[in-house]
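Two complexes, one shared chain (chain A), two partners (chain B, chain C).
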Partner chain A sequence: MTPFDTHPAGVFPAGLQDRKIMPSPLEIIGARKAFRTPEGGTMTALDGISLRLASAEFVTLLGPSGCGKTTLLRTISGFETLDAGDVLIDGTAVTQMPAHRRPVNTVFQRYALFGHMSVARNVGYALEIAGRDKREIRMRVGEMLELVGLTGMEKRSIAQLSGGQQQRVALARALAGKPKLLLLDEPLSALDKNLRQKMQQELKALQRELGIGFIFVTHDQEEALTMSDRIAVLAHGRIQQIGAPAELYQTPANLFTADFLGESNLLPVTLDGSAAQLADGQGFAAVRPAGKATLLLRPEVLSATAPERPGLSFTGVIRETYYTGTDHQVSLETGTFGTIRALLRTGNALPGIGSTLTLHAPAEGLHLIDEVAP
Partner chain B sequence: MSLARRKFLQLLGLLGAPTVFLLVFFFGPLLIMLVYSFLTPGLYGGVDWIFSHLNYGRILGWADTRYEKFDPVYIAIFLRSLRLAALTVLASLLVCYPAAFWISRMRPGLRDFAIFLVTLPFFVSLIVRLFAWVLILRPTGFLNQGLMGLGLTDAPIEFLYTDFAVILGMTYVFIPFMFLPLYGSIEKLDMAQIEASSDLGATRLQTFRKVILPATMPGIVGGSVITFIPALGNFIVPSVLGGAKVLMIGNLIEQQFLSARNWPFGSALAMLVMTAVLVLLIAQFRLAGREERS
Partner chain C sequence: MILRRLLSLYGLLFFVFVYAPILLVVIYSFNANTLNMMIWDGFTLDWYRQIFGLETSLAESATYVDSTDQLWGAVRTSLIVALSTSVFSTVFGTALALAVARYRFRLARFYRTLMMLPMIMPDIVLGIALLIFFITIGMNLSMLTIIVGQSTFLISYVFVTVSARLAEFDTSVEEASADLGATPAQTFRKVTLPGIAPGILGGWLLAFIISMDDLVITYFIAGTGNTTLPIHIWGLLRRGIKPEINAIATLMLLFTLLIAAIGLYFRSRRQK
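Our next item is the complex of A and B:
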């Protein structure tokens, strides 16, 4: 691992590593892009984004709509040109290369399958364009359909397929030309929940099997956590944080990431250099520069029984509870901190709504963010 | 009242009037023409009720040898009409396809205005518009004066009363007919498919050939048919811009009814045009049906 991979904002000074020796499947350096709005203003879609794939990774670009994730994907595929910055694929700059010459393929959000062609012609399109001979195309199409579980569907028309099958055809079509990198633009958003979860697992398995990089765009944080080797959280045209799913979830670097990924309780704390103090006087050890910060408490670190290592505790009145099978979702009304949400394992009896409850957080479940919540 | 009866009455109320209208004023006259085409022309116009197949014979080759030898002039006129109509379709297609593409990519307000402009000529009488073309094309017209003024030619070029003038005039008249069906299918074109094609390695030309053209084929076929049919039977454009030199089948039919007073022969010509159009329509439906199935 190079020192750059752990850089918090994902900004790598250009030229510091030798791209010829260890070419990265994808490298984006200082990408900037602004659009003119119809009202005459400008909208910054990409505000200096740098990103490097260490190997054939599954990287998810995660963010709310309008954060620039789709624009970033389109600069990789070649449908948008950058105002500044560079895109390198396998160590070769493709910034000025038109889309049809780039060695990447895309699975589009609404599949964009060719309605007037059969499944086989859709899947074989890249090879047909490249002028391969018919037998080779037929074999490759067969292989691809087998890969996505649609063996024998060559002759079907696109209109005869279900949404899930169309999704698989789109995937097979994008992979048939052996791209060096596969780009996926919210490909699962049109599927129902069960199918989506199944496809998530299949996509991850497929990426491992093929050994090429996948860049996956989504606004669904659960999807991102499930599938990715690394997640890049985007907002306002910048990468807020990039890292492994567990790292981002447990130790987010900023409030945006903490809030966007999963449920969170954010409590203001005051630091004095060696300890942190909450508004109600509770404290815990924290060696950090003095000032103000925010404590992140994930709902599942809280429990109704006191831990062995003393941590924090919060007493309040139960306002709402929801039973989900494995957990109780509890909203606890505390005087000082407002509502605190907790996820408690079922199995232990839970007091009813309106009764008083004390929740405990172990010392190892506390994570500080050097930002002040608004 | 039973549900089926109610449905039947509803259908009758909605479709009864147009059905009766079409039967009386469209199919009736057509039937009369079909019958007339097998009768003998009366001495002073009208028909004599004597069966004759010679009206068709005169066109297709079994002329009444007692009076005249077979003259293929009518077949020649029919073939010329087919050729001019086909060239009109081609010219309209070449004008309308890029225009429809361009207009479909405009922002909505401008786009609606552009479509309004395409249909604007309908608001002015056809005769007035065609005589405007006479003023442009005649030897002392704007076009020739312009060409001579630029020194591109010394003497005026004969534009008027040529095939060129007729094709130009018909293209001009039928552009909205071609444009609207084309626009309909081009507007529905999925931009993501064009991007997908490019993403999979196709150049712009390949994308046009393999994705855009097949996807807009219904509009091309629809526009072509709806332009070809009225162009084939048109008689106003060739009589104004073609004069006596460029006679089309429509002019011939008009002459038989209005000046030659040979209604049976005119009817026979009209029936042949209709048969040609019907064959074309059936072929198109067959083709469209096969495309949908495959």
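Our next item is the complex of A and C:
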């Protein structure tokens, strides 16, 4: 019986037949989960989430705390059961399968290493449980430790390792059993910044090398942008938007994504069907239904030099500037739009605080969102 | 400055007060004076020789006559009781602690309080209650009633010790184990049990020592044929205090310290 036979016809969207032939590493269909709160109410953690990995992708679940991303991860690993919906791994429904029988492994937030076992026994745990012979386990443990750069540390106890090394052991342990999917629950949050950036690159390289799907949970947007093939932005138990990092950053579909990923200036506009008009009368071409919308201006789109092609310009008084090395972060106080934040390359001289400055935005840097900012 | 000195003095006096009587028992157990143990009359091992049934130069009036066989019979009973009771209460106390810690169910807090209760219950009350219970259900007083009776309150001690360990046990390692393919039984054996082992061992040793030492409750439910060591000593004392008792007390003290030392050794080994 295939997992699809358990459902009445018409439940799944079109293209279902293809899935049987080319199973996706992970597919979540209409996942719902509510928790009882101590006060007696209910809290909806997952409000109808569907997600499909096209291939062995690196997908990040990004969102603020309480958005449901950890719950979603735990329904994949099997530590939470869904109220409704299905989880399929490699085309097989695992919705009712207990955690220990699912072909996925997890790197836990605080590593959850076995303190009473050596590094080698930690890494070889999945194989030991599977009843593999000792020689095979020893070889695989050696390979895994080499993979994460801990060669020769088999005999160490967990307490003798630094935080970064423990992280690597947790990674090696989760990969040793050759999972079909690796789940990572904010694994880098306990590391300091330099180590975190190094691990981000290593994880991405590792995912490419192993060719298995990675589901990475984080609340750190920078981390998500750096590592992911695709990012799913979660809020209030729903996927707000899913797409490639550049797509989400440059052309967010809604205000939440625009605001959560990076810095943003959000300006209200009025649409008349062929053009958009800002509050100060400036306009630009926009073929969209008439009504109200929001213009997204990323700080780095703005520049102090006038572009060759016409765009928008904003004049105001410089309130604050921060020097970051490569850029100046500028807060420009405009009358009509309030404070506009801009990121200007440091090549050009910048007028001091209090002086008047005009910033230009080229037409191709403008993105409209069909929502009205509060 | 004066206050600090007074405090040091107080501290010193405190320890003298607590430990001097115990130290005296040990010293008296080597005193050759057969009439007045408070007057030092030279070193002797006769009291120990008497306990072990060896030849001594002691006059018959100075000792508890023909007590040796009864004494060792009592030691044997005590050891059997303590071993059975401690194993029994460790298994059940641990199971209870796990259940209360892991499962969310109504009245969980009530059960927790209920488990603490036997520890503060007056021994006399517990002893009478157990006696009446055994008589009511028609059980003859025997070694079995001692084991069952002692277990009723020793489970509480194990429960508390193991619960304390469970409270600081990070359950995410159990999830990690399940995540890596271990069945609940494998997880329990390979991860949970080693994690709470110091608590279980501590609870077991505690139950063992308390069982060896219990007089009041055991006195009620022992019946005639089954004399434990504390009951036997109590019987001897009713025939007057003779120096021999010091040697018995010293050996009991030594035995208890040995068990405590074993417990501490395993605890420190685990924490390394």
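Criterion: the second predicted complex is superposed on the first by the 358 of 374 C-alpha atoms of A that agree within 3 Å, B and C clash if a C-alpha of one lies under 4 Å from a C-alpha of the other, contacts with A are read in each partner's own complex, and residues count from 1 in each chain.
Rule of thumb we're sticking to: a residue touches a chain if its C-beta (ideal position, glycine included) is under 8 Å from a C-beta of that chain, and two chains touch if they have at least 3 such contacts.
Just so it is clear, the structure is predicted and the values come from calculations on it, not from any experiment.
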item	value
Fit or clash - chain C, chain B, common chain A	clash
Which of chain B and chain C A:Lys193 touches, first, second, both or neither	neither
Chain B versus chain C as contact partner of A:Arg309, first or second or both or neither	neither
Which superposed partner A:Arg173 touches (first chain B, second chain C, both, neither)	both
A:Arg36 touches, of chain B and chain C: first, second, both or neither?	neither
First (chain B), second (chain C), both or neither touched by A:Arg135	neither
First, second, both or neither for A:Ala112, with chain B first and chain C second	both
Shared chain A surface residues [contacts with chain B and with chain C]	77-79, 98-101, 104-106, 108, 110, 112-116, 125-126, 129-130, 173-174, 177
List of chain C residues in touch with chain A within their complex	170, 172-173, 175-184, 186-187, 190-191, 194-195, 270
Chain C partner contacts - residues on chain A that touch it in the complex	77-79, 98-101, 104-106, 108, 110, 112-116, 125-126, 129-130, 173-174, 177
In the complex with chain A, residue positions of chain B that touch it	190, 192-193, 195-203, 206, 210-211, 214-215, 217, 294
Of all residues in chain A, those that touch chain B in their complex	77-79, 98-101, 104-106, 108-110, 112-117, 125-126, 128-130, 157, 173-174, 177
